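For reference, the structure is listed below as structure tokens.
Should a chain be cited, it is by its letter among A, B, C and D, assigned in written order, with residues numbered from 1 in that chain.
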Amino acid sequence: MNRTASIFLKRLGSLLVTLVIMSLIIFLLVEIMPGDVAQMILGQSATPEAVHALREARGLNDPVMIRYFRWVTGVIRGDLGDSIYMQGVSINSILWRKVGHSLILALTAFIIFVPLSIVLGVLAGVKKEKPTDSIISFLGLATMALPEFVSGVFLITIFGVQLKWLPIVSIIPIGESLFENLNILLLPALSITFVMFGYVSRMQRSSMIQVLDSDYVRAAILKGMPRRYVIFRHALKNALLPTITIIGMNIGWLFGGLVVVETLFGFPGMGSLLMTAIKTRDVPLIEACVLLITVIYSLSTMITDMLYSYLNPRIRFAGGQK
Amino acid sequence: MNDNILDIEHLNVSFKTFEGEFAAVRDVSLSLALDESIGIIGESGCGKSTLAYSIMRYVASNAVVEGAIKFKGENLLEKSEQEMSSFRGNRIAMVYQNPSSSLNPALTIGFQLDEVGIFHQKLSKEKARKASLEALKMMNIGDPKGIVRRYPHQISGGIQQRICIAMAILCRPDLMILDEPTTALDVTTEAIILDSINKLREKLHMSLIYISHDMGVINKVSDQVVVMYNGEIVEQGPKEKIFEHPFHPYSRALINCMPRGGIVKENTRLNTIPGYVKRRGIIESGCPYADRCDQHTPTCESMLMFRQVDNLHYASCDRAYAKDGEELVIKKRTPRKRIPKHIEETEDNEPLLEILNLNKVYGSLRKVYAVNDISVSVKSGTVLGIVGESGCGKSTTGHMVSGLFKPTKGKILFEGKDISIAWNKRSAETLKDIQLIFQNPGRSLNPSHTVEQIIARPMKRLSKINSAAERRKLIVSLLNKVDLGEEYLLKKPNQLSGGEQQRVAIARALSISPKLIVCDEPTSALDVSVQASVLNLLNDLQIDTQITYLFISHDLNVINYLSDTIMVMYAGKICEFGTRDEVMAPPYHPYTEALLSAIPEVDPTKKKDPIRLEGSLPNPGKKQKGCPFASRCPRKVGAICSNVYPPMVKLSDSHYYYCHIKPGPKQD
Amino acid sequence: TGEKEAVTQEKQIRIAEQVPNLITPGVWDGQTFSLNSSIYEYLVEINPDTKELVPVLATSWSTTDGKRWEFKLRQGVTFQDGSAFDSADVKYTIERTQDETIGHLKKQDFAVVSSIETPDKFTVILNLKEARPTFIYLMTDYNMPMLSSDYDYANLGESKPMGTGPFILQQMIPKESAVLVKNANYWAPGLPKVDKLLIYFVPDIDASVSMLEAGKVDVVPFITPVIKQRLESIGGISVISPYQEHRFVAMAENMKPFDDNRVRLALKYAMDPQIIAKSVTQMDLGKGSNYNETPLLNTLSQYKEMPLRGQDIAKAKALLSEAGYPNGVTVELYFASDHPFGKELAQTIKELAAPAGFTINLKGYPRDVYLTQYWLNVPFCITGWGGRIDPSMLLAYAFKSTGPWNESHMNNAKVDELINKISAEVNDAKRNEYYHELQDIFYEEGTVLNVQVPYLVAISDKVVGYKQPLTMLPQYKYTDIK
Amino acid sequence: MKYLWYQMKKHPLSFFGIAIIVIWVILALFGPSMLSFSFTEMDSTNQMIAPGHAGHLFGTDSLGRDILSRIVYGSRSILTVALMTSIISTCIGVILGFMAGYFGGNIDFIFLRVMDVLMAIPPLVLAMVVLGILGDSSIVSLTLIVSIAFVPATARVSRGVLLTEKSHEYVSAARIRGESNLYIMFVEILPNTTGPIIVEATARFAYSIMMVASLGFLGVGLQPPTPDWGMMVIENKAIISQAPWAVLFPALAIASLVIAISIFSDFVSKVLIHER
């Protein structure tokens, strides 16, 4: 337990370092970007005075470091700043609602792909080199690197355009909440599921095969334990461990995928918000989104790590050989 | 039919691979009576494990099994997978080589033991636990109640293996198969396990199949011996017969190539078997050993029937030593005399290598005190043997000398020059003078370079021989020196057998004519037959060139054979130091004594009582105050042992050890 | 159930439009219209059908010489915060154009105002430095709604916009949606006709249209011609084009190779207006999209019909070699790749010009990069311009030698003179003559291709009375839903 | 060679994968010269016509451009970018990963921390933000940024492979004969790590295509009129109900190429790693 706690502290420390560096990178990146935010806001007919005035008003004329520290101190106080377009409208008021939506979408995808890919991955591993395995493995291969928007387009064509079962746009009607419109989650979540299924099921398959090939599984079989029992009691627990890490690490991909999927379906989440922010060069919003993705991703890997170390007795009870 | 436990009839196992189908077990017939113990012996790759797994009906998917395996009259090969479950672990149990990977890391020891009882004997959880504790007690494991709550990684290798054996005897099986259960363990641990296996046999009356490549081990636990070569049984009979009157040329060669029983380099040269085990396709016939046999005749091409040599003694060769009388057999078994070459007077020489208060601490957060305050000196032209259990710091010492690490403290003087620095600071001269040969030749040769590149590189770098033609000439002569031909130049390491690889490694070390070669267990990864040839080679080279060796091994027989002086190490410290004859004769340091007693003897007539060393090496992460051996010492004097570092007991100019026990006759 | 009934009885129009950037009057770049045009109001507005000026907050206006403008204001109008609207607010609104801290987009145009008089609460008099007979049109500009002199627009303009308009902002979820409710105190009796406007901000036009198809919204402005085609087959949805906009393909008069009029003519001869219309707008020429070589919209009354120059590759080639480019010429065309029709137009021009010997490399950039780094500095570019009822302002900005956005770097004394005459001429007929004269010059040696693209709005047939004049401001107060 | 055949026969799917890749490569190299339409040619009389009509095998888009020629031309840019990306990211990754793994200690620590930071942001988001901010994506900038986004992954793999190899004694042997670090890394170790590195590179290849296509889809990829498959999908998504081919064919092109490369990479890894 102690060990888990120390892992937690270590990860927390590195998370902070990560965030600081990340924030600096984003900030500098935005700094070198060509074009002018103020010009962007004011458009073609902007007067030079207008541009200058706007820069002044939004504090864009201050030196980078001052702006950076202003921003960082704000973030520490929980104030992500204002959207560049909306004086007085804090990013906090824009972002969190969308983050909530994205998390629900991610969770939906999670609920679909995690059991699906683990079950099928285990099945493929157990039925190694049999037709069942070939089919599952091919599906995994085919979906693994298929961009979300491609599978999304196929899904839209089938379920939205041809069958008309599901809405092809995932917009929440005004005055209603996401929970009243859960059907809009399905197609985007399925698009994400495709890619994730590919990754996770393949990983699960190979770790299952590796575990089934291990000495201790052999030992269990030679102890006369029935095959089914060996698979569930002896193999599965060990075979799931690497998968947990893989799922944790792929949360990053998942968030990349969210941007694409949300853009494709017009889903009001963080991904489409980031896309809008990029298109409109809403610098504080870009910074906030990227920072948040970093936090979510780092937190999820941290939780994965801890879960892993908790489930793995080798780490949980790491002690001398006594 | 009969009351045999096991009858294997004409068993054939072949594997389908990319290179075609080859036979791993060929026409093996074997019977095992109740309470009988058979030892199966043979070099690596001879199909021993395959045979064992076939009995358990656990073979790879690319295997084809033919024949019959009858367990108490029931043919196991005809059983369904489900029916087999009731045999496995219940009536036939098996223990394998690697205990640490055979236990499930995610489950507690107790769980893994209990499930056997729960499944096979339908016990309740509590009863199963009781049975498990009992089995653990039977294996002499202290604190069984604590052990069952632990996970495998929290337990040392020796105890893990004892748990595996306990698991195997839970259901009181009729037959137990042990596949090299002690190969991965230290001799002292091995001795304990062999001991308990023998005790179990007495108590439980079960039949045993014990697989090993070590004749000493087989000698200890088996009544009958089966010698396998390349998938076939070449000889079979009571162990006394086989060890004393080996009939088949292979058995004979195998027995003779081991350095043992006081054989030393001055008076003997080890027997060797040329060549290596070649896989044979299923259609090839004839004597499998024909290509390596010194008694080879054209008729060997067609396989011969098993032939009864004596009552219960069979062999599959009819001519080799058939006509030899008993005396001749013994004579042939004795290693040939070697032309003794006198060692030059090195007495007044300055030592070539001098180690002064050498220390090595690994890591900074988690410290490992690997070598603690060692001082020793090596004279030019002699062989210093370093022996000790795994983890005692032998390799670390050798590696510091060769410059892989910088010592944490202390000095290494080479020809009076301080070389206690790492490789990147050493002069080319020093690098050239000290060479290192590793344990695993497969890993010490770059798999993507050719033999020529491998040997040429140090010549180019350190001897500054820049002409490729000149280098090639030298390489060819080096290859000849290590009994390899010119055709090896363009081969890559994975095209060579283990022995050939080690020869290439030796050639590489010799290529720049060093003054000192550190040999870090150069033969432990090799089969006995290959070990013999490598030892011979090293010995010959040493005589030819008067090179100095720092020879590291955990095998006291090998050390005894090759060394002039011996250093026994324990937990990073020197226990005993002296010339070979001094160390090998009493009085001993208690650890040396235990080590010597633990070596399994090949001669079935000699009976030895090993000194049981319980426990394991002290935690290398802590600095030891007293005698490091105190925790396991059977002759501990008192609290002083664990509190005060023992003084040096000097028995002669060259012989000393560190112990609180006063020299003199053993006090018991 | 009673509540539910109330909900169903409530009339609402649902609109899906682009995500707005700034919405504060004065700095608003005119991307999202429904929100602003419903919350704010202007002194006058344009009747999209008759194109005539309609009194709104001003009940009447008059000028004698084009220099002194007098407005009579509507009485009894209140702002949505309850304060009364009067001449001080008008004065404030106009003075605000000069506020340095705002950078008002109409600053230039209102620089001509020398003084503002408010003789009483409902009269405002503006004195101009020089004659501006068409000054009244400025008051229809989308950045010139009447603001309350007591309201803090600097801080609340984005989050709590407030004006005298027919609708009040009730709720806004930034970048997602806004809800506008009927202004109960609206001055015009019977208006607005619906109770609510629901506005979705959807970044992807395609998603908006899908919502329209699915019956989830009623109005989708700013759709593309491709989508128009897609919607044509669907019952219950119509696509209207209230007005057209300019896309100027500008050739800089002082930069190679367009410094030679023959090269400009060669490009003009290489163009096929039919193909341009078809490729860029998916419409036939004259049916929703237009093309000419002058800065005037074909649809304006000022425009004089001119013959289309047919595509003549041979002539184009000849002109090009005459100008010293017998082997053709390579030039880079800059445009904003994220601006509607930009990509399509650029690619079409590249294709059409190729046979005549023009090798055109396309340089598309995001709009702000294009505007800050390339526009006004490059020999060849495409820029979007909104249509204006009174084209004189556009001319002064973009084609006068001193114009701030003279992208084609025109420096033609005759053109300058004509533009000056146009803005000062009181007589309409006289002014139109000047316009025609100008057109002739542009036809012969002009620096632009004027591709006119439709502004398209997709509307559910349930919506009646949708009005949107050339000022781009939809007039939702007249709109009703069946 | 024989071994390769044996493996291919054992994995019949690999034929399929390799065949599709070969087809795409041939199309990319020679396809444009075999086509009857240029990829920018606008057939204004034949806008959005169905596949097979008026000589347009895959139909046309809303500008009357031939879908087939756009796809064939698009294969050039996507293959070039993906190939360059996988090569560049592998090279940088190998160099960084090797340095870190080989020297260990503080260098490794810093390396791991930096990689942690870079890994904390999904590569697609990173590339999207950078390209979106820079605004101007050419083949060069696209290649560079996607490569950089992939470096953490490749560097970690290389580091892992190096660490395994480094534990082999031939490295120690090289050290104590005084070889330079560079020699050890690149002459001794590198040749033995080609298997896993090639496998990683081929996997990267598939991911590059995925990423380039996704960036195109998001509108921050290549600039028009360079036909980009991802961009074609988003451009034509509006007409999916009138001209589904304009969306489905580019999507199918992406899918076929990505799946084929995945199969190939899987096959390569079986040949080079698992079954050795």
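Everything that follows uses one rule, which is that a residue touches a chain if its C-beta (ideal position, glycine included) is under 8 Å from a C-beta of that chain, and two chains touch if they have at least 3 such contacts.
The structure presented is a predicted model; accordingly, all values stated were derived computationally and were not measured.
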Comparison of A-D and A-B by number of C-beta pairs in contact, larger one = A-D
Provide the C-alpha centroid distance between chain A and chain D, rounded to the nearest whole angstrom.
-> 21
Chain centres from averaged Cα atoms put chain A and chain B apart, in whole Å, by 51
Round to the nearest whole Å and give the separation of the Cα centres of chain B and chain C.
-> 90
Any idea how many Å lie between the Cα centroids of chain B and chain D?
-> 49
Any chance you could list the residues of chain D touching two or more other chains?
-> 135-136, 219, 237, 241
At least two other chains touched by the same residue of chain C: list those residues.
-> 338, 365-366, 369
Every touching pair of chains is listed here as A-B, A-C, A-D, B-D, C-D
Would you tell me which residues of chain A are touching chain D in their complex?
-> 14, 17-18, 21-22, 25-26, 29-30, 33-35, 138, 141-142, 144-150, 153-154, 156-157, 161, 252-257, 259-260, 263-264, 274-275, 278-279, 281, 286, 290, 293-294, 297-298, 301
Give every residue of chain A touching chain C within the complex, in rising order.
-> 34-37, 39-47, 49-54, 56-57, 83, 85-89, 93-94, 97-98, 167-169, 171, 173-175, 263, 265-266, 268, 272-273, 275-276, 279-281
Contact residues on chain D for chain C in the complex?
-> 40-42, 44, 47-48, 62-64, 135-136, 219, 223-225, 237-239, 241-242
Please name which positions on chain C make contact with chain A in the complex.
-> 14, 19-22, 24, 27, 29-30, 100-105, 107-108, 154-159, 173-177, 179, 198, 200, 202-204, 207, 210-211, 214, 216, 338, 365-369, 371-373, 375, 383-384, 404-405
So in the complex, which bits of chain B are touching chain D?
-> 18, 399, 402-404, 423-424, 426, 428, 431-432, 434-436, 438-440, 443-449, 457-458, 461-462, 508
